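Each of the next two complexes has subunit A plus one other chain: subunit B in the first, subunit C in the second.
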Partner chain A sequence: MNSNNSFGHRLKKSWDHGDIPMWLMLVPTIFFILVMSVYPFTWLIRYVFYDYNGFKAYFVGFENFKRMTGDGIYWKSVLHTFEYAILKLLFLLPLSLVTAVLLQKRRFGSGLIQGIYFLPTVISSAVYSLIWYFIFATYNGVLNAFLQVIGIINQPIDWLGSSKTAMTAVVIVAVWGGFGNYMILLISGLAGIPSDVYESAQIDGANGIQTFFKITLPMLGPVLKVVIMLAITTAFKDYESILVLTAGGPNNRTHVMFSYIFQMVFGTSRAATQLQIGYGSVLSIISALIVGLITIVYLKISRKMDEIS
Partner chain B sequence: MRKIRRLAAMGMACMMAASALSGCGAKSTEQSTAAAGGEEKTTASGGETKKDSASSDKVKITIWTDNRHDLEYMNKVVDEFNKTNDHIVLDYVIQTENYENLLSMAANSGQSPDIFSQISGEDFKNFAENGIIQPINDYLTDEFKKVNEVDQNLYEGFNVIGDKIYWVPCGKRSGSRLIYNKDIFDKLGLEVPKKVSDLPELAKKITEAGAGDYYGIIFPGASGPFERWLEHSAEMSGVTLYNYKEGKFDFTGFKPYLETVRKMFEEESVFPGSASMKIDPARVQFAEGHAAIHGNASQEATVFTEQFPAKIQWGVAQLPTLDGEIKGAEACSPNTGWMMSAFTEHPKEAWEVIEYFGSEKVLKGYLEGGYSLPISKYMEDKIDKSKVGRMADFAGADYEAVYPVVPSVTPDGENFRDALWNACLPEGPSIDDTIAKLNQTYNDALDKEVKMGKTKRVVIKDYDPLHPGAGTVEYLDK
Partner chain C sequence: MAKETKGHSVESRKTKLINAAIFLLLATLAFFTVYPVIYILFGSFKTNNELVRGGVNLLPQKFVMDNYIQAWEMANFSRYTLNSLIISFGVMAVSLTVSSMAGYVFSRKEFRLKSLIYNSMVMFMFINVGSVALRPLFELAVKMNMNRSLISIILISAGGGQATYVFLIHGFMNSIPKELDEAAKIDGCSFFGIYSKVILPVLKPALASVALLSFRGGWNEYILPLIFTMTNEKLRPLTVGVVALQNAGDGAAAWNILFAGSAIAIVPIILVYIAASKQFMGGMTAGAVKG
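After this line comes the complex of A and B, so read on.
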């Protein structure tokens, strides 16, 4: 009787504190996380010890790990991932910040420009990459024709077919496709900065550059921290547009970690080899660890951004 | 007030949970609609669906195919079948991406179509051994056997395992041919090359004459360029990736091909952008007259007449070989066949559909439409050859044959087609190193997978490159 009372009491207490409604509201999310994330992950872990082609799994012990250590194409793809991500972030972040600052104020046409810059975010990357594929064409390509007209190049560049330019080409598409999204996030961050701070700076005689570096940037810190983290994780996981533009070529020059894994797990139309789901699982886990490690390092470094002066 | 708010929150949580769970359950409702054979609309990802207007008492047979080129004709066939058949209704779906993967996933998740167009030789064994497809021996009728000459078209490891027949080819794709721009060849007074070594000089001459308007040769660098015709020219020169007599991989014979293509790239005789070009843009450039030489199999007959009608006169010739002589058969691919899912609930009706697709009536229109070449003498005699159009240019080669299936292995490294093509590129890796690495990785994989019981070593001691299918095939466990 007593225990019943105490159970009922505890239940009422939980109810009063809002614990039960909270858990009930979390049920759908937890359910989907378990089904869509945790279960596939455990499924993946299982196959790292198998040679699995989608039909039959053959136990191979640590063979997949051994193979991974000597897989030159994979480790090159890791380097390419860093190259791609660094180049992308180097251009994408300043560009989104500058456009956010320029377009945050309500001026004639700023909404339209914002919309245009944001557009690639809502278009499938496979679709716009295909359009870029034709823009980059060597013979009668729009980009080559433009560069020739303005006198920058004398003869067409094989943007996607040459090892020297293929990475630049995929980075151009990535920056074009990504900066509008971060611009919108930064604009919402900028809107949160109180206008009286700017007014006091103006009264104190600060010019535009001083205002940007002393007020806008520090006060944007927390938002910028999230934006940069999102940009980093996205840049390290990008592969869709690469698959459309170059499929990792020429000569594996644009293979990033996840494009390589994709081809390993889902195959290519021309591969003529069986799927390698077990080995692909090992590479996925290692690649996830690499991306996770980078995110942790970034979060450690970026703690300072939270401290708004 | 607080209580009301909490109750509202509770209500919302319950609704969310219910909607999530009902979302998961929606599928089973959909499946039961399909089983009732009603009006349900199937839309698979990346697929195009042809809907039916079936009455609920008909058995619904779902068909998947990865063939797009024959869509117009097959739509007519399906429509006519649906109009005239009183107990079956067809749902004809085209799957364009990752066909074999999609089929295996569908089979694993209990959503396999009843019948589907044949899959590649590499995957056939897996599909058969893992119970995704079922033998059709018991269904074969005398009429079907007569029309498609079934007994002459049994290829171990390709459509047959032991005495079990899994699908019957009703047509074939020719081996590759050299497709050339006649206008350019005539204007410059050039001859079609007989030897592979003639290609660089020829391509260079054409490129110089083209002065930026047209180029010597084009490759679809991003769409399996090596297998389009280089691999087949090698076969005709007696060079294959697998040494059937010794039962091991050997890529050494491909060296002259890699050197030739690399030379043409270095001399800038290859159409600009070829290294990253997909097959359709390459076809368009050839059709527009911007490239003089292209190579592919009989599908180009409809491509250059219907898909991208050529603005130039184009010719079809035998592929050049290493020394100008034919020392081996060129591989052709039996096709136009249908497999029956092992999971179909209506095998009798599924066979009825396969039989209809392989009937003289349907095949006559199909072959006369130029969608495939006849594989049986019976059908060859039945069709009006004047109707096949440019497909005739690809027919009748006496040096073609179906090759025994090479053991399917997974090497620790690049697959041979990617690796060989990369070595063709001027900035690519060393040709000798590439070949040495492929020999190593493929033979290591073969040894390992034979030991694991994953595959068997194929040995044909009396192998004759001119008649590759005629030898006695041995499957070894070591």
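After this line comes the complex of A and C, so read on.
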């Protein structure tokens, strides 16, 4: 009776204090963390040791790891991931930086132009990849038609179907769809640079390009670092657009790590294959480690750069 | 080229020239950026014959509405649109509720497990194992008979965006003075009462950003509904429905429907964007910088 009373008393006290309502308000967040992050992760760790086709699971020990070391397509897809990410970043980062610097100043049409650059970011990457799939089409696509009209090519190019051009096409779509996002982040970073710094540079007679390298770039440093890290991790994890554009083809030429894994774990509509979920789990963990490693290397390098400058 | 630029008028003419060149450059890039969208919008009014023939004409020779009628009635796009709307509004509602409550608690309370919960949210946002993580969730949904409705898609999509939205709200919450809470507390407001009566109205700008971003997230979701509706065509949203048509039969035969379908999938979100472009871009920055 007494303990019951004190329990009731404590309950009321912590309710008034806001502790119980607080936990109730956190229930959905905790639920999401447990169900959407912790549970799949433990599930994955378990199936690493199984051969699992979606119906039956057989324990195979370390067989999946052994298979991975000899899986040429996977390691090629790792190489393609690097190729894709490096090419994408090579064009995307300068493009978003230059457009950000130019648009930060109020000029004729800058609001509209900025709005247009950001537009691809609001569209589903699956649907805009489908649109590009039409543009790249060999015989009735507008890109080949245009290039033939202005006389650059004589024969239509099979952009997505030829192993020579498929990766280029995929990267074009990725840069088109991504640069506006980083531009916006950089513009907000540029807005944080106090204007009197520019004014004193102007008084000293610095021209636009000098101002950019001597003031804008160093002052933007911290924001730029975060933006580059975001861009790198995103580039290494991209695969949705590739699934729609080429489904990893032709002949696995555009398979990146995560598109290859997707087909292993969920199959494709274009090619019916036996699901290999256990093996896909192994590849996922290794791929996540690769992305993590790259992030760490980047952080190390950017810290080194700080020490030098 | 190497002219002396001493006089003031010469200098300003030079700046004018540079500015014109910059504008031309920016405008050209803008044209290429917007071109695919315009191409699909005009193309969706072309006859299938014209689309199969190809060419560089942007405007249709003959405007036809037939593509939309066919897509809407025969290719199930009315159903896909409804599903997309349900998913987007569902994700928006769940995201708003969950992130505003969590952001409020994280900003106003100190407790033992706080850093554990917060850090695991951050950590799992960075550990990304790709689509594999959806496999156990899919099997879980099948086991609980939740794969026959859109609820599981809504919950998983909202859960996936949770961390970003909680950061966004948390950051905004920290800029709201705590005196506001205390004044309400003296007036007899409970912990939840302060949230619902005092904080939520003040949070409006941040909530608007979360609403827009999560709506867009739900509308554009592709891999997740693709997996969950592989055997259930009736539940497909627009993204999955239109891309599935690409692989059905010999693509070229249905280009007109594909064009109309793609237009249906992007026009609503573009309209939302035009109406609220400032909040879109602002929300983007707030989420990324806090995260």
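Here, the second predicted complex is superposed on the first by the 269 of 309 C-alpha atoms of A that agree within 3 Å, B and C clash if a C-alpha of one lies under 4 Å from a C-alpha of the other, contacts with A are read in each partner's own complex, and residues count from 1 in each chain.
Keep in mind that, in the parts below, a contact is a pair of C-beta atoms (placed from the backbone, for glycine too) under 8 Å apart; a residue touches a chain by one contact, two chains touch by 3 or more.
Nothing here was measured: the structure is a model prediction, and the numbers come from that model.
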item	value
Contacts of A:P120 with subunit B and subunit C, given as first, second, both or neither	second
Which of subunit B and subunit C A:Q276 touches, first, second, both or neither	first
Subunit B versus subunit C, judged by how many residues of subunit A each one touches	C
Partner chain in contact with A:S14 - subunit B first, subunit C second, else both or neither	neither
Which of subunit B and subunit C A:Y139 touches, first, second, both or neither	both
First, second, both or neither for A:I285, with subunit B first and subunit C second	second
Touched partner set for A:I73, first subunit B, second subunit C, both or neither	first
Which superposed partner A:F258 touches (first subunit B, second subunit C, both, neither)	second
Touched partner set for A:S302, first subunit B, second subunit C, both or neither	neither
First, second, both or neither for A:Y128, with subunit B first and subunit C second	second
Doubly contacted residues of subunit A, that is, touched by subunit B and again by subunit C	18, 21, 25, 28, 32, 133, 137, 139, 141, 266, 269-270
Residue ranges of subunit B touching subunit A (in the complex, touch as defined)	6, 9-10, 12-14, 16-17, 19-21, 98, 100-101, 104-105, 122-123, 126-127, 129-130, 132, 221-224, 227, 271-278, 281, 285, 290, 408-418, 422, 425, 427-429, 452-454
Subunit A residues within the subunit C interface of the complex	16-19, 21-22, 25-26, 28-30, 32-33, 35-41, 43-44, 99, 102-103, 107-110, 112-128, 130-135, 137, 139-142, 144-146, 149, 176, 180-181, 184-185, 188, 208, 226, 230, 233, 237, 239-240, 243-244, 257-258, 261-262, 265-266, 269-270, 277, 280-281, 284-285, 287-288, 291-292, 295
Complex contacts: residues of subunit A adjacent to subunit B	15, 18, 20-21, 24-25, 27-28, 31-32, 51, 53-56, 58, 60, 67, 70-73, 133, 137-139, 141, 156, 158-164, 166, 245-247, 249-252, 266-267, 269-276
Parts of subunit C lying in touch with subunit A, wherever the complex brings them together	18-19, 22-23, 25-27, 29-30, 32-34, 36-37, 39-40, 43, 51-56, 94, 97-98, 101-102, 104-105, 109, 111, 117, 120-121, 124, 126-137, 140, 156, 158-160, 162, 166, 190-192, 195, 216, 219-223, 227, 230, 238-240, 242-244, 246-247, 252, 255, 258-259, 262, 265-266, 269-270, 272-273, 277, 280-281, 284-285, 288-289
